[in-house]
Each structure stands twice: as C-alpha cells, then as structure tokens.
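Below is a structure I'd like to ask you about.
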C-alpha cells in the first residue's frame, strides 16, 4: 500500500487563540487553519475580524493560545513580514507624502527596489496620480495606494482588512481580479468584510466570525446554504391585519405569519417574492397598507440566527 | 535587508522631524538664543564676562534643550502611534526595537546640527565682546547636543508608557527638574540632567569665571564633582532610557495598536 | 399613500436659538474635559489648594488677632500684611503666575485642536450652528475652568470674610475691593481663554497646542525679563502676558500683591503699557482664533 503524502502545513493557523483588551473580548478560542487560495473573513462590525487579522500579522500577541503564520509566531518573528503584505482597515497615511513616495518608502522597508514600488503603483491604476500628495486623494485612491504598498514586494501571503471600502464598482472589480491573480500564482489571500455578497464575490472559503468567536468555516456554497435556510422576517403594517395575513399566507415562500397590534410579521424563505407580489395582492383585495419593513436583513440578524440554530 | 530598512527609517524620521509647523517652531527655538545674544551684544549697556555662560545655562540648557527634546522625543514614535501609521512599520520585516531606535536617531540627527550651529553662532557673537574661544564654542555646542540627545531619549521612552507624555514631560522637564536643581545642599540636585550639563559648562570655563557672577546658578555644583562623572551619568541615563524604550516597544502591543476589534 | 411617505415622520421639534447652542457646545466640552483623569485631578487640586490653603491662612488671621505667636507663624508663610485682601492677592499671584498657564494648556489649548483632529468640525457646521456659536461655546468651556481657579476662590474668601467679620456692614465695606479682585480674576480668565483658544486653533494635535502654550508662557516670561534687564527698559516686560495682568492687578487693588521684589520690578512698567500689552495679547488670541475658525471648512 502506498502511503498517502503528508498534508502540507497550513499557511496560517490559530490554535485556541484568544485576545482580550482589558475586559473587552476581541477573539475567543479561535481554532482554524488557512491554506493557499482566497479565504474570506466574514462578520458584522465588532465581530473580531480586525483582531483576527492583527493577531495574524503579529501586531497583537494572543492573550491565550497560539497563532502561526508561515510556520512561525508572527509577533515574535517580524522577519516573516518579508513574505506578507498587509492592507490595514484604518485610513492612516503619511499625508504629506506623494502616493509614489509612500509606496517606495514602505516597499524599501521590505527590501524592494523602487522599480517594484512603481510597478505596484501602476498595477493599482495610480500611475497618473502617483506624484500627487496623498492628502489630495479620494477615498478610492487611498484604498488603492494602501493596496499598492501591500503588494509591491509580491508577498506570499496577502492580508486585506476591508479592502473594498470606499471603492467604486470598477475599482472593486479590479481589486477582486487582483486577488484572483494572486490566488492563481499560488499565494494566500485573506480578506475581511462585513458584506456578504462582497465576500461571495471574492472568496472560495469563508470563516464566519460573530461576537469574537469563529462560528463556521466552510466553502462559499456551504455558507450560502446555511444562510438561505434562514427564514427572513418582514413586517407589514395595516389597519386590517387579519385580512392582510390571510392574503400573505398564500404568497410563495411564506412559511408563517404572526399578528401584532396593527402589524403582520411574515416569515418567508423568499423575501424577494413577497416584495414583488405584495403590491398587486393588496390592490386586488383593496387592503390598506401603511408600511413595509424588513426586520432582520442585517448580518447581525443572520449571525444571530446561526448562533441560536 | 534590516540595515537598509534601518537607514530608510532613520532618514524618514529625520525628514519628518523638521517638517511643517514643528520645523518652524524648532528653527525659532534654535534661533532664539542667537537673537538674544545679538541683542545683548549690540544693545546691552553692561556686558559681563560671564554673559555667554549665563545665556547658555539659562536659555540653551534650561529652555531650548528640554523643549526641543520634549517636542521631538514624544514625536519619535508618538506621531506614528497617533497617526496610526505605526501599523505600516510594525508589519515590515524589521524588529520593533530597531524601528524605535531608527526613529529616535532620525529625530536627534535632524535637530542636533541646528542646535550646534546655534550655540556656535552665539559663541561667535559674544566672542566679539567677551573672551570666548573656538574651543569653548565647540565644547558648549557638544554639551548642548548631549543634553538634547538625553532629553529626547527620556521623552521618547515616556511616550511609550503614557499617552499624555507631552504634559508629563513638561512637568518633568520644567517643574521636577527645576525643583531638584534648586536643592543645592541636599545632593538631590545631581539627579537632574540640567545639573550635569551646567557642571560640564562650568568646568569648561574653570578658573575663568568671576566668583560673584552666576553664584545662584553654580552653588549646586560640589567641588568634588568631575567632568568624567557627569559624562558617565549622562551616558548612563541615555543608555537606560533607550534600552527601556526598546524593551517596552517589543513587549507591549496593546498600547500601540488600535484597540478596535 | 406611497410606502416611503407613510414611513417618513417629520421632526416636529424646534431648533435651539444660537445662545443655547453655544451653551450646549460648552456643556459638552466641559463634560468631555472632565472625563480626562488628569484634568479632574488638577482641577480638584487647584480648588482644594487655592481655596483650602487660603481659607486656612485666613482662619489663622482670625484666631491670631492680638496673639503675637500666631502672627509670627503667619509671617513665616510670607504674609506681612495679615488681612484678607493680602491673602486674596497673594492667591492671585500664585494662581495666575503659573497655574493659569498650566490649566489653560489642559482645558483651553486642546478644545479646538481635538475637534480638528477628529474631523468633528463638519459635524458642527452641518447643523444650524454658526462659527460664533462654536467659538463662544468653546470659550465658555475654557472660561469655566479658568474661573474655577481665578474667580471662585475669591468668592469663597469674600464669603468667609463676611462670615467672620467683627464689624457690621463688612459685606458692604469690602464689596469694592472684592469686585476689583473679581475684575482682576476676570481679566485673567479673558486673557488665558483667548490665548489658549487662539493657540488651539493653530494645531491639529491637542498635545502640541498645550505644549506650545506652555512654552510660549515660559519663553515670554524669561525673554521679557531678559530684555528688560539687558536693555534697561521696563517696557519690554509687556512682552509677557502674565506681567501685564500682574501690573494691572497692582494698579487695581489697593494692597500689595505678590513678592515685594516682583512688585517693585513690575511697578517700573507703565500702567498704560501694561494695558496696551494686555489688550494686544487678548486681541491677538481672538484674531488668530477668528481667522482660523473662519477657514475651518477649507482646512477640513
């Protein structure tokens, strides 16, 4: 019998890693392994995504457990950063520098020649604005220059904290293409976002974080399936809620209704169908409707569902 | 790679140290004793033989050196921490203690030449009316730079411990040091940096200062205190401050990183 | 009715008129300052030290009347003229000479700088708040803290003076001096408020604004003394804002203040020059403040 080849070591790993800021919990008991390719870190604001990435890039030391990046403790061994590119979430720059000088300086600290920095500037589409001071840049340009400093040294691991913030659709597309390009070349990309469809567009594998805990790890399809099983709630206000409830129960996807003081709470697995068909139904039946609102479309609600499930 | 990064950081810190309004303020600070010396020499009715030493002790050592040290010291990594650009530096393959050291050397090397030139110019202006030699000028400039280097190291390290280091530094540099240096007979006065700078300056002019002048400034210096002793104290304070700063920046991340989740 | 209109509910309240907006800004700024531990400690120390210590000495003057041993003890504190006014004015000297600068650096210098740093100014000016409301609100917050140091202890002392006075009608008799004393305190409040806010508007980093103000105070005090001495022209003393207020206080109050050496040196400064210097420093602070705040929308 031919022995199966040993599993390659993960690019990054968390073993029961935790981080506290005094009494505030940043991350609790995180155990995950991240391999090559694009991995998305998904969670609502305050879920612990930034703490996760700061631990991964050695900016923070775990209060408990162990974090490894390319086989070493990134906090203790800064030399690992020669192979890592990091795009921070915060909008922080040496504002008086030009975009080109900024990237050249930071690439220089990685040991890269100026030509590589200039290439990165071109790659993110800032060649024409490269000599302008950063303080004159738009939000999207600021994101691009942050990206340029992260990729200038062609890192083996690219860590991106909310990279699409402030970018227009074209720039988003370019950013996603760039990530795919890194993936094709065998690099590891770890990208965080609090927007579900962004993560879906960028990644194959998803780590779900909520309230400082890793709630789920899986492929895009697995996570989507998990979320699709979650019935959405819609509240419809009307002076005739009983009549309205009867009409709503006939709509496709509606799995239940609940009456509450002039409102009907609708549980549906297909919210789009409810929004599409409701106006026609109420017109046909002559039912007055005062308002419609989605009750739990936020990620918080979806994650809340996942937690209680 | 580390040496290149170290030098790049050094240059980066030096260029930022004298940028914008802070640069103007520091230029003004360096020019101040020169202007005062010029006014005294050109328009003063009585010019004592100790005028150069008096201005050096009172303006340069007691005001310019600690203020410049405080201003640049707290900015060594303080600017990067407050501006949150520290993230970029801490995600490079350079050990954190070297980031601190390079930034410190950058700040020091930006202002030290200005300070030395200012003291030299002051000596030159006074030299036209009172006996101040070239050696006096060079040595006084060296003492001023030494004081600046020590103060900057102390305040740079303080900034790693305290967010309001500027205020704490002001209290330390002007109130604590001032109070200590005014306790002549207790021996506590030798705990101030200013005391050792004053001692070096006074020993430089040993035998050439009239006894009556600067009496109140010099009474804290004991006859058995030596130049070598003061140099050793200043060097020790410098080394200790820098080592503490380097250890602190290596060990404590939560003070520096953005505490958001 | 369309759903979007049905779900919109217009606000039915009324916007506050301008003076109240300034009060709101002042109250918020004071609360924010008081959240900083070092500010709380220093304000508390100021109040306790300035009012408490003065009250103790005052109590000594009462119990010591006619007792030469107590009088001697009081003289050891440096009070030659053992009466309430001397204590009041000594208090003024200590307070305004150093601590007013420190307090102004802590509570005045950061208030606009921190708003600029946090990019909070657009938040203010996107509401029906004018530049004047904003400046007034910030000025009131700084003045509040400075008044704690420069005016409140005087009121406390006056209260004690009346409470322990032997003669009837002391409240009325001492009123003019009390009012003059308060006027000197108010001059100090106006000067340090104006200077600290002017400096604050120049910086984006609160700490630099505070250091600049402290450095400016120290620099002007030392330089003015140096120039007045070297050039043998006491008019140079007017370079120091502290010297100007101190000289005006000597003129306004009918009793000696401060140390006799200082007083003798300051009396050489003409009262007209002192008023001019005072007005110039206050106006300079206001001018810088107005200029900077008017440019705020461009800057941010």
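Here the chain labels run A, B and C in written order, and each chain numbers its own residues starting at 1.
What we mean here is this: a residue touches a chain if its C-beta (ideal position, glycine included) is under 8 Å from a C-beta of that chain, and two chains touch if they have at least 3 such contacts.
It should be emphasised that the depicted structure is a prediction, and the values quoted were computed from it without experimental measurement.
A centroid comparison over C-alpha atoms places A as the chain most distant from chain C. Top contact pair of chains, counted by C-beta pairs, is A-B. Per-chain CA centroids place chain A at a distance of 48 Å from chain B. Averaging C-alpha coordinates per chain places the centre of chain A 51 Å away from that of chain C. Separation between the centroids of chain B and chain C, computed from CA atoms only, is 31 Å. Interface residues of chain A facing chain B in the complex, by the touch rule stated above, are 21, 24, 26-27, 46-51, 54, 57-61, 75, 78-82, 84, 86, 88, 90, 92-94, 96, 105-106, 108-111, 149, 212. For chain B in complex with chain A, the residues that touch the partner chain are 1, 4-5, 8-9, 12, 16, 19-20, 83-85, 87-96, 253-254, 257-261.
Those residues of chain B whose C-beta lies close enough to touch chain C in the complex are 21-22, 25, 32, 36, 39-40, 43-45, 58-59, 63, 67, 70-71, 74, 82, 164-167, 170, 174. Across the interface of their complex, chain B is touched by residues 38, 105-106, 202-203, 205, 207-208, 210-212, 214-215, 218-219, 222-223, 226-227, 230-232 of chain C.
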